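Scrolling down, you'll hit the structures one after another.
Two complexes are shown next, each including chain A; its partner changes from chain B in the first to chain C in the second.
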Partner chain A sequence: MKLAELPGELVAQRLEGRGILLQTGPFTVRIHSVVEGFTQLLRRFYANFPVVPEPAIADFHVRLTIPGGIRRRWRPQVLLLLDGQEVFLPYPLSHAFPLFEWGLNWCIAMQAHQYLMLHSAAVERSGRVLLLPAGSGSGKSTLCAALVNRGWRLFSDEFSLVRAADGHLIPLPRPMPLKNSSIDVIRDFAPDAELGPSFHGTRKGTVAHLGVPASCVEQSAVSAPPGWLVFPSYQSHASLRLEPISKAQAFIKLANNSFNYQLLGLRGFREASRLVDNCDSYILSYSNLDEAIVSMNRLAES
Partner chain B sequence: MRADSDNGKHGTNVLLTALSDPAKAVSFTVEEWDLLLRLARATRLLGRIAVCMEEQGLLTEVPNRVVDHFSAAKVFVCHRQLTARWEINRILAALAGTDMPLVLLKGGAYILAELPPSRGRLLSDVDLLVPRERLDSFEQTLLGHGWESVKLEEYDQRYYRTWMHELPPLSHPERGLEVDIHHTISPLTSRLSPDSARLIADSIPLADSRLRILQPVDMVLHSAVHLFHDGEFINGLRDLVDLADLFQHFGEQADFWTKLVDRARSQGLLRPLFYTLRYTNRFLATAIPDSAMSAAGDGAPPGPVLRLMDYLIEAVMIPGHPDFPRRRHTVAQWLLYVRSHWLRMPPGMLLQHLARKQIMRWKHHKVTAGTLAQGNR
Partner chain C sequence: MAGDGIVDGPEYIEAETSWVAPEKQELHWVSWGEQHALYDARSGETHLLTEQTARVLQQLVLRPGTAREVMEALCSESGECCDEQSLESSVWLLRQLHSAGLIEKSGT
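Up next, the complex of A and B:
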């Protein structure tokens, strides 16, 4: 059953009670919340995500609560508990949704060491995955959002999960957080895109989430092998350049954009090498999204 | 939903069952597995349970989702153990050309000596025992090779150096693992005063003879003192599991138990030994010979104190249900913290110290809060 098929009242009731078990990619998350506005956004952005039937083993337990005290009257806050532990400071109550999203990222990054986890966007076309590994501010999320809008299947805008058994990428579709100027860039690029409310003054400035196309959620159990490694960097006014790089260069760049390469030790080295061996690698500098998409489409067709 | 005591009890059962008899865990329900993962993670024992179930060939009977968590936990544990081995390797390199005896304590000792507590054990620092008269030269050597004293307030620095059984922790900026250098096994001011020169003299070399570990009875007694007199019960259950493993492992030697009790008596450590025997047996079903139990009983505290300790130790060591946190845990933790200081210092000094620490905590709160906020991604 999808979350959208549950009546809103029931969702709110379950969030306040035993929690809702939601499936995102390979992970089952138990979510508890007493925050009203959060329920609406969860229903909106996770409408097509499967609700896991009880009983089930959850990978993560996420709870949003409202701390008491006098502060509650004049500046209400929201507190995130991950498995009963406070990991972050409280946020303003209205920022419950971005807090939940960051909290879930944190859980995955800290725990899911059964996978090699890359700090990379991943999108699929014709059965192979394009990886866009990069740090914050490189335009990775924006490019990813644009590609998804033009028919590439979203795996993740932030977390690429590599399965040890076969080196395939595992989809982990989640709402894509766009930051600051990216929000308007995507609004112009795709006027009909499903953009949520803007949250101002977060730790990363203004954030607005872009919904995941239903088809990407439906296919989230379908993994795919890696095809291309493209290290993007957005440079204002730059004309598009896509340059091949050597395997050695690609390896170093990939290892530097991993959440747990070091932690995995020898296995990390082997999995990163296998990935680099199976990919053509490039660096991409761009300022125009349309040009970048043409260039990526051409890669996929070649 | 209301918190009821059954939830706490239930949590206890799932975790302790998986620790003391992994084979029984295969018949857990889905809800029990879910709870076990959470409790095992909170007590830093997930890797341990993973390794034990794997050793006993039970993984095929474990739900796939749990196997994933086991694999992930093992990755983390292996990395930490490797990091610790490398840190010890670097310390040996720094000591090259000296004849400094280096006795590994706790996690480092279990791992390098490949003793049973090393199975899936998560360690957070490297603990070393060094003769007191060579402490300065050892610290200087490490400082000269790039280790730095972990930043502490001046009061803490002074506190460590004047009153404690260890130096303020060192760490190397390239690696970050903390190195704790002990010169005895209990604080200088405490009412326990084991003879640390004896501990070092009786220590045993490892295959790499530059490294030594305490002889079995001392290894047990040190861990016992550390657990019951240090006042930090964050890893209490894990430390108790270490001790249960050591009892099972060394207990097979015929004279282990009599030597253990004799050594505890001569070193004035009967009380912590008594607690260790009592709680490993109670929580982890460790087999303790009656003779050892009754001999160590000479170290038992008076009845009312013992009943209080039973209550406090269970409250801090055995986690309750994570969704129904109980206040008694926090209260018990605080009482045991005060107790550990009571054992460590004369009353006047204790009052002064706790007051200082509280003030520092208030001041410090804001700083910690700032770093936390940057930690999320």
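Up next, the complex of A and C:
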């Protein structure tokens, strides 16, 4: 059953009670919340995600609560508990949804060490995955959002999960958080895309989430091998440049963009080198999304 | 600069200093043409090495030795002639490996 198939009242009731078990990629998340605005956004952005039937074991337990005290009256806040622990300081109540998303990222980054985890967007076409490893501010999420709106299948805009058994990428489609100027860029680029409300004044500036196409959620269980490693860099007014790089260069850049390469030790070394072996690697400088997409489509067709 | 009290800095690497590398099973290699990635299981560090540096390290894994001995072994293997420049190059590469924590002075 999908979340959208549960009546809104029942979702709110479950969130306040035993929680809702949602499947996102390979993870089962038990979500509790007493925040009204959050419930609406969860139903909107996770509408097509499967609800896991009870009883089931959750990988992560996420709870949104409203702390008491005098602030509750004049400046209400929301507190996130992850597996019962307070990890972040409280946020303004209206920021409950981005807080939930960041909290879930934190759970994955801290615990999912059965995978080599890359700080990378990942999209698939023709049965192979294009990885876009890069840090914040590189234009990775914007390019990922644009590619998804031009027919590429979303694996993740933030986490690329590499399975040890076969080196395949595991989909983890989630709402894509666009930041600051990227919001208007994508609004202009894909006027029909489902963009949520803008949250101003977060620790990352203004954030708005882009919905995941239903087809990407439906194919969440379909993994794919890596095909291309492209290290993107958005540069204002730059002409498009896509340059091949050596496998050794790609390896170092990849290791530097991993959440747990160091922690995995020899396993990380082997998995990262296998990934590099199986990919053609490039650096990409771009300022125009249409040009970048043409370039990525050519890669996929070659 | 012995007067500074520094006795183990890379500037003191000499042609006759003997060097030892880790055991073969501690080093894990991946090679792409003339570029090599190396995982050192003792430290958990990953290193990128050029062909020349990798050859020097691999020679020391086979047998500890001085810069001169390493140079002679590599020259003999490749059929190249050894000269003073080869020795300087060998000393320089050993310095790099020592700085990266991949080799130690023999007997230390």
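The criterion applied here is as follows: the second predicted complex is superposed on the first by the 302 of 302 C-alpha atoms of A that agree within 3 Å, B and C clash if a C-alpha of one lies under 4 Å from a C-alpha of the other, contacts with A are read in each partner's own complex, and residues count from 1 in each chain.
Everything that follows uses one rule, which is that a residue touches a chain if its C-beta (ideal position, glycine included) is under 8 Å from a C-beta of that chain, and two chains touch if they have at least 3 such contacts.
Note that the structure is a prediction, hence the values are computed from the model and not measured.
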| item | value |
| --- | --- |
| First, second, both or neither for A:F269, with chain B first and chain C second | second |
| Partner chain in contact with A:V87 - chain B first, chain C second, else both or neither | first |
| Contacts of A:D184 with chain B and chain C, given as first, second, both or neither | neither |
| Touched partner set for A:H113, first chain B, second chain C, both or neither | first |
| First, second, both or neither for A:F251, with chain B first and chain C second | second |
| First, second, both or neither for A:E243, with chain B first and chain C second | neither |
| Chain touching more of chain A, residue-wise (chain B, chain C) | B |
| Intersection of the chain A residues that touch chain B with those that touch chain C | 262, 265 |
| Chain A - residues contacting chain C, complex | 246-248, 251-252, 255, 262, 265-266, 269-270, 273, 276-277 |
| Complex contact set, residues of chain C against chain A | 28, 30, 32-33, 35-37, 39, 41, 44, 46, 48 |
| Chain A to chain B touching residues, read off their complex | 17-18, 26, 28, 55-59, 61, 63, 83-85, 87-89, 102-103, 105-106, 109, 111-114, 203, 260, 262-265, 267 |
| Contact set on chain B toward chain A in their complex | 1, 29-31, 33-34, 37-38, 41-42, 63, 65-66, 68-69, 71-73, 75-76, 78-79, 82, 322-323, 325, 369, 372-377 |
